[in-house]
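Structures incoming, each one as structure tokens.
The same subunit A turns up in both complexes below, where it pairs with subunit B and then with subunit C.
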Partner chain A sequence: MKTFNGYRRKNGTIGVRNHVIVMNTTGELAGLTKKLANLVPEAVPVTHQTGQMQYPEDIQQIYRTLKGTAGHPNVSATLFIGMGQNDPAETIAEELQKQGHHVHAITVRKNKSISLALNEGRQWLAEAVKRSHLEKMEMADVTELTIGLECGGSDAWSGVTANPSIGAFSDAIVDDGGTSILAETPEAIGAEHILAKRSVSEEVSEQFLKIVDDYESRALAIGEDVRSANPSPGNITGGLTTLEEKSLGCIKKGGTAPLQEVIPYSGKPEKKGFIFMDTPGYDVESVAGMAAGGAQIVLFSTGKGSPTGSPIVPVVKIGTNPKLYKNMPEHIDVDSGKILEGTHNINDIGMEIYDLVMEVANGKLTASEKNNHQEFAIWRLAETM
Partner chain B sequence: MTYTFEGYQRSDGTVGTRNHVGIVSSVICSSIVVREIADRVPMAVPFVHANGCAQLGDDFQLTKNILVGVTKNPNLYSSLIVGLGCETNQVSGMLKSIPKTKPTKGIAIQELSGGKNTIDEGVKTAEQWAEEAASETRKNFPLSAINVGIMTVEPDESSLHQTAPVIGKVVDRLIDNDVNVIMGMSKTLEPAGRILSKRAPNPKVKQDLQSLSEGMRRGRWEKVQVRSTGLDEWSEEETDLSNLEARLTGTKSIDGLLNYGSYPEEHGFNLMRVPSNIVEALSGLASAGCAVVLMVSSRGVFTGSVALPSMTIAPQNEDDFEDELVDVAVTNDDSDQQATRVVQKIIDICSGQESKLEELELGEFSISHSGTTY
Partner chain C sequence: MSEQSFNSLKMHAEDNVVIALRNLRAGEALSVQGDSADVQVQQNISYGHKVATDFIPEGQSVVKYGEWLGIATEDIAIGHHVHTHNVRGLNEQERYAARSGEERSKI
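What follows is the complex of A and B.
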């Protein structure tokens, strides 16, 4: 059994990183939140422009994502910055504290000026960073790992090299009792029947077909064809011609294991094994959703070379072709282009990915981490009010 | 008397109140590179946001329009567009839409084989522009050379009773001085559309304002699926508050009703549809060419725009928690005198004095969505 040394949290989960983060509950506080994080070395700002004046379905999704991020196993401590009388910061903090997380909320304007808030925030964060350094590590095995599977900036090789290799990895970790999450609902359009057939039950199959169908009809209802946003301009120059082609390549990341469960954006899987999360194809929003759902590491294949990461989870970049690896070595962790050169097969790269996942779980930094890529965005459903 | 201020003349003829070199991200994927370039170059300001890819139709067009609009803002000496390469919002497409009247350049991470090269290349360009921009000097211009933005933040009855008479007068004086004023119209001001429509000479503007007052029509996630748009009628309370907010607009004619981020075609007083999200609203005003914005609020506001000086006007607070955020505290004194104070503050800030939010370095940028991402 493959093992790694991680950080055991009070709620029983295990993290592969030990971040101290600062989050805003509402867009107006994004600037203040970044300012505060800058005052404390090692504190990471996780900011967004949502949370204000939105429809209930958006608000629910935002709070679920904020909670999932703050209570993530890779996070040692979270400071929330909220504002005014009805802000959710304190309620969210209390809820997470009850689950054993180290969380604090500061609400400006209710009873604190900016300078007081910055002072209190800086002190709390400095303590939290000190405390995080004292946390002991313990050994855990692969059954406790959840790995997100993403693709971004795909080219015609994505479905030939990197995605099938990720699929081989997914099958291997699921065989070993671990969990993998496939996402990007619009990128299953045209290939949904293949995944649906792999569902463990009729119910799961129906749930999956429904989220795919909903996505396409929502676009059609506003007079747009989702097949016109996808493939993107970069996909087309990369050699992809239709969304179906992209989808057939995209779902290869999911390997061949049975589909256990379909979960909402930033929801937590209840089952182990192969899972599907309903997310947009928009990389940063999709990665943020899988992270908030508890994935400790995300694999991300790219043909054109996408540098993005996450503020809380290591993102592993898998290049689809040898040229990309030579051009952008600073952004790529695994070169699956070796399959095209004939020196490796899909299974070899799948195992190389698996070995790297275990090293990353043990603390090895990924390309996106070394370059401080900490992009974060929450999937927006409705129009901004 | 004619209001004048000290501003920067741009190569396209517009006049700015600040002298920024804009580093504009075409998509979220290049935001880290954009921040890094801006961090390394004096005068450089990062425009980063969560949009730019996996967007469709109107929602995508909105992102592109706002970004193109921002590069035209007179507070920017020049703009460097930084993209990834494979995104929906292509750098080449943006460059096509930006008039070649100010220094503009586009680069992309995939084209330059990685973030480090892109940062080096971007810093080189931005440093050269920063040097050129530093040699620009402020000169005296009539205030009518700029667009002044106004927006309301969390209005409530008691604060509006204090601020509305003062700001209404400020607006009237600005219009009398031939200054373009663009006021953000978020949903709180919509119920007053009928009252406002009486001041609109243009029949189309009149009609649009009236229809806004009928109720809130917005596309939403569930309803969009059944091809219907929700129409929620305004409550009496919402309407009363809105009528009070309408007093902020002064008494002059309403010459235009702009879509979010659009540049005004009519000189004079324009309303612009904006979301309630402050940062998104400010980005719309920046894209519409405003060189300064007044935020009329019930309280100190915690963020401004990176593009333009944002000054806060709020009622004087008895417990002095938020004074550190308020530029002009409105009292119950004579409203004419207070209007004079506000106008003077606008002139001072336009001439280079830092607003409270600028002193605290609190400014953001973000673009509204008209639909979901894909």
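What follows is the complex of A and C.
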């Protein structure tokens, strides 16, 4: 059994990193949150633009994402910065404290000056960083790992090299008792029947088809027809013939294992094995959703070298072609372009990815971590009011 | 690094197309990774594009990754380019059949 050393949290989960983060509950506080994080070495700002004037379903989604991020196993401590009377910072902090997380909330109010808030925040964060250094690591095995599967900046080779290699990895970790999460609902349109067929039950199959239908309906409601718009002219020049082919190339990241469960954006899987999360195709929002759902590491295939990272989870970049690896070695962790050069097959790269995932779980930094790429954004379904 | 010994890739054993790994010239022999197909390329084919390794009659499915990516709109001979000029996507009825797991041959 493959093992790694991680940080055991009070709620039983295990982290592969030990971050101290500062989060804003609403967009107005993003600047202040960054400023505060800058005052304390090792404190990481996790900021976003949302949280005010949203429709109820978006408010729910935003709070679920904030809570999932703050209570993530890779996070040692979280400071929330909130504002005004109805701000959720204190409520969320209390809920997470009850589950054993080290969380604190500071709410900026009329009677508290910004400098007082900054001072209180700086002290709490400095303590939290000190405390995080004292946390001991313990051994865990691969059954406790959840790995998110993502693609962004795809090219003609994504569906030939990187995505099938990620699929080979996904099958291997699922075989070993671990969990993988496939996401990006719109990218499954055209190949939804394949995942529906692979579902463990009629119920899971129906849930999957429903999130695909819902996504398509929302796009149609604003005049976008995903089916007719794909493959794009660029895709066709690259060799992709039909929507089915494009979507098959995307869902290849999910390998061939049975689909155990369909979960909402930033929801937590209850099952182990192969899972699907309802997310947009936009990589930053999708990665943030899988992380908030508890994925400790995200695999990310790219043909164009998308630099997307995450403030709380290591993102492992898998380049689709040899040229990309040559031109952007500092952004790519695995070169699946070796398949095109004839030195490796898909399974070889899948196993190379698996070995690297275990090293990353053991603390090895990924390219996006070394580059300090810490993108974060939350998916919204409706407009801002 | 070993020398590349093939010029195309088959994604699944049941596929009737392979992917060109470099620009292929008409008349060239196809060498497929992990496969002993004896196919001569009949047309110039760009890298990333598909070549038929079986005869695909009009109305039959084109198979990649072991799944149907579309339906041939004309007979496609072995060694020919497989793309938008001779393949269309699935229609609603075909997609429904695929969803419910019916066999390819029934379409």
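Everything below uses one rule, namely that the second predicted complex is superposed on the first by the 364 of 385 C-alpha atoms of A that agree within 3 Å, B and C clash if a C-alpha of one lies under 4 Å from a C-alpha of the other, contacts with A are read in each partner's own complex, and residues count from 1 in each chain.
By our rule, a contact is a pair of C-beta atoms (placed from the backbone, for glycine too) under 8 Å apart; a residue touches a chain by one contact, two chains touch by 3 or more.
Predicted model only: the values in this text are computed from it and were never measured.
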{"item": "Contacts of A:G254 with subunit B and subunit C, given as first, second, both or neither", "value": "neither"}
{"item": "First, second, both or neither for A:N345, with subunit B first and subunit C second", "value": "second"}
{"item": "Which partner reaches more residues of subunit A (counting touched residues only), subunit B or subunit C", "value": "B"}
{"item": "First, second, both or neither for A:G267, with subunit B first and subunit C second", "value": "neither"}
{"item": "Partner chain in contact with A:E192 - subunit B first, subunit C second, else both or neither", "value": "second"}
{"item": "Touched partner set for A:L209, first subunit B, second subunit C, both or neither", "value": "second"}
{"item": "Touching partner for A:T308 - first (subunit B), second (subunit C), both, neither", "value": "first"}
{"item": "Subunit B versus subunit C as contact partner of A:A156, first or second or both or neither", "value": "second"}
{"item": "Which superposed partner A:L243 touches (first subunit B, second subunit C, both, neither)", "value": "second"}
{"item": "Shared subunit A contacts, counted only where both subunit B and subunit C touch the same residue", "value": "238"}
{"item": "Residues on subunit A engaged by subunit B in the complex (per definition of touch)", "value": "27-32, 35, 48-49, 52-53, 55, 57-58, 83, 108-109, 111-115, 152-153, 186, 214-215, 217-219, 221-226, 228-230, 232-235, 237-238, 280-285, 304-308, 327-331, 371-375, 377, 379-385"}
{"item": "Subunit C contact footprint on subunit A (complex, rising order)", "value": "156-157, 160, 164, 190-194, 196-197, 209, 236, 238-239, 241-245, 248-249, 252, 339-343, 345"}
{"item": "Subunit A contact footprint on subunit B (complex, rising order)", "value": "28-29, 31-33, 49-50, 53-58, 60, 84-88, 90, 109-110, 113-116, 187, 218-222, 224-227, 275-280, 299-303, 321-322, 324-325, 360-364, 366, 368-374"}
{"item": "Contacting residues of subunit C [partner subunit A, same complex]", "value": "1-6, 9, 11, 19-21, 33-34, 46-50, 62, 64-65, 67-70, 82-84, 87-90, 95, 98-99, 101"}
